[in-house]
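Just below is one structure, and these are the notes that go with it.
Chains here go by letter, A, B, C, D, E and F, matching the order in which they are written, and residues are numbered from 1 within each.
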Amino acid sequence: MESKRYEIGLKKLQEVDGAEGISVVESLNDFAPDMGKYIVEFAFGDIYNRNGLSLTNRQAVTIAALSALGGCEKQLQIHINAALNVGLKQEEIIEIIIHCVPYIGFPKALNALSVAKEVFKDKKTGGE
Amino acid sequence: MESKRYEIGLKKLQEVDGAEGISVVESLNDFAPDMGKYIVEFAFGDIYNRNGLSLTNRQAVTIAALSALGGCEKQLQIHINAALNVGLKQEEIIEIIIHCVPYIGFPKALNALSVAKEVFKDKKTGGE
Amino acid sequence: MESKRYEIGLKKLQEVDGAEGISVVESLNDFAPDMGKYIVEFAFGDIYNRNGLSLTNRQAVTIAALSALGGCEKQLQIHINAALNVGLKQEEIIEIIIHCVPYIGFPKALNALSVAKEVFKDKKTGGE
Amino acid sequence: MESKRYEIGLKKLQEVDGAEGISVVESLNDFAPDMGKYIVEFAFGDIYNRNGLSLTNRQAVTIAALSALGGCEKQLQIHINAALNVGLKQEEIIEIIIHCVPYIGFPKALNALSVAKEVFKDKKTGGE
Amino acid sequence: MESKRYEIGLKKLQEVDGAEGISVVESLNDFAPDMGKYIVEFAFGDIYNRNGLSLTNRQAVTIAALSALGGCEKQLQIHINAALNVGLKQEEIIEIIIHCVPYIGFPKALNALSVAKEVFKDKKTGGE
Amino acid sequence: MESKRYEIGLKKLQEVDGAEGISVVESLNDFAPDMGKYIVEFAFGDIYNRNGLSLTNRQAVTIAALSALGGCEKQLQIHINAALNVGLKQEEIIEIIIHCVPYIGFPKALNALSVAKEVFKDKKTGGE
């Protein structure tokens, strides 16, 4: 009964965010299931699935946008993880955040780096 | 008497933002010259001059950050121009902004697209 | 060849934003047509078309969110117009913005009121 | 010795935010008592006490504004609680936040939904 | 029939913002008069009238807050004018904005400097 | 091998932020050392080291900017501490934040006051 957009989106979400992305959507299931549906269908089925930008570039853009917004540490964590999944190196992620400093200021960039530090540490501890 | 960072930064500013970037710095000269100096030395001499990220990727990240901040239409105009200068295609710039929609919402993305539309039109009218 | 979501969304956009909303989507057609498509399909076909909140309440929520974001005067203009279309009174729109003051501060609320003032004046001049 | 605005505000604060609102004001008493006074007098005595918008609509507007600001999870918690106090249903609160997605993006909306989930869980555990 | 807070606030508004501040309040009179009333009573009668911070320090803090918010150019214009009224020098205002750069980034600081440049130019043209 | 800007900046960082500031920079050393370098060289060596504004005024401006940005509680904590280091009194810091209320709204100001409360408590417990 799932739409084709949902199917495509779920596959893309799995590819990009891995188990963590699926778990965000599942955690919404018994509470606000349509929110999970829109994340899958729109953010991943419609947007992430587009051509014209590589997945690594998409993650670079996502990290910049989330760092600039501020207050989105949970989403940054998922998307920094996703950035590693799709092939960005740790140094590239740090470079993206440092590049944002002149535009968004040090505090928001430091917050983003703190999230990156935690994600990289977890990867190590996790045995990858 | 200019520092080496200033020299490097000015060259990079010229390369990235072209005449428009130089004109921003010059417009600050009789008013807040240190502001222009810091843009040249720090934003371009220190940050843009770093390795680890291509100039096209730096512009993609800049456009995402400025779109997410909101209210930075003047700077977006310069950096969308710069993005074309360093080799991003018009469709790629549109794609970067569309990719931001799920993170920053439609209104900020529409504002960024309006700026892009104006920049692209000026390029055309200008004979390119 | 338009999807059902597009059809539903276009009808809803027409109902809520009227000619002005259609014109925003059309202005994207030769530049970033997918952006217009997503506004119609997702923002109006998926979200505005939901049950559980009246159209007047949806516009109240939209005005509050746009006022809080800041820098979205163009979108506020369209949605204050839309608020009148779906039946909110001018005093109610002012009341919504005044209610936001303790949360978003006076400057953003003043910006939103300026937009409202212009919209209300245009309505009058326009003969309504 | 309390002003009439304070009295009116305190009564309104009690009505809207309940014990939790009172506790915020009290926690300011030995530290920045004027801040508590202004919350009571201005936010509740002046603004919440106005006519022209129902209390449920005021809470809908407040939730939208706080979600859009970002980084105001503590205040969202109090005002989602308050929304239940004045008669909004859980599904309506979720609907308000979902309605904000196209304007504020998924990350801020997800943060708001996380707060709502916690508040609703506490209500249940608390025996209501 | 005006309250004492209104009287005090109006005097303070006159002292700080001068004719321009009065004109903002008056422009609200036929549209959203309570908004003007709250600006006078709360922002100026309650807050600006407090002890514990000099008027020049209050203006420095205001300029920093408005620059950081972004999108508040109209209010920045009034408060940079006010800063000159209460005795801050042009160089101090520029210094305040430059000091904000590491926290808020170059774009928002450049926007604030543009406003300052206009205000200073108007002062000159105006014969001061 | 450290530049003169680094030396000047480190001395200023020590003077303003004390041990806590040094620890932020050190925590970046094994992860993103250039970020620490830029904080020292640019934020402290270039900006904080400027004339034209006293250190207490610089801290007032910093606290206002960080409160207005929102979501920068960690940086607020360091800079409220720094404000005490350079001679601002606790009541002055509270006054700065209360002054921001009309501009940034109650929620962001309450978040800033919460940080201040924690910092002041730690100072006391720490034996000062």
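Note that a contact is a pair of C-beta atoms (placed from the backbone, for glycine too) under 8 Å apart; a residue touches a chain by one contact, two chains touch by 3 or more.
Here the structure is a predicted model, which means the values were calculated and not measured.
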{"item": "Smallest count of steps, each to a touching chain, taking subunit C to subunit F", "value": "1"}
{"item": "Per Cα centroids, the chain farthest from subunit D", "value": "B"}
{"item": "Same vs different contact residues, subunit B with subunit C, by half of numbers used", "value": "different"}
{"item": "Listed pair (C-D, D-F or A-E) duplicating the C-F contact set, over half by residue number", "value": "A-E"}
{"item": "Centroid distance [mean C-alpha coordinates] between subunit E and subunit C, Å", "value": "30"}
{"item": "Whole-Å gap separating subunit E and subunit F, where each centre is the average of the chain's CA atoms", "value": "24"}
{"item": "Junction residues of subunit F, two or more chains touched", "value": "34, 38-39, 42-43, 50, 66, 69-72, 75, 98, 101-107"}
{"item": "List of subunit F residues in touch with subunit C within their complex", "value": "101-107"}
{"item": "Complex contacts: residues of subunit D adjacent to subunit A", "value": "70-71, 94, 97-98, 101, 105-111, 113-114, 117, 120"}
{"item": "Residues on subunit A engaged by subunit B in the complex (per definition of touch)", "value": "39, 42-43, 47-48, 50, 52-53, 57-58, 60-62, 64-69, 72, 75, 91-92, 95-96, 98-104"}
{"item": "Touching residues (chain side subunit A, partner subunit D) in the complex", "value": "24, 28, 31-32, 34-35, 38-39, 43, 66, 69-72, 74-75"}
{"item": "Subunit A residues within the subunit C interface of the complex", "value": "34, 38, 42, 46, 50"}
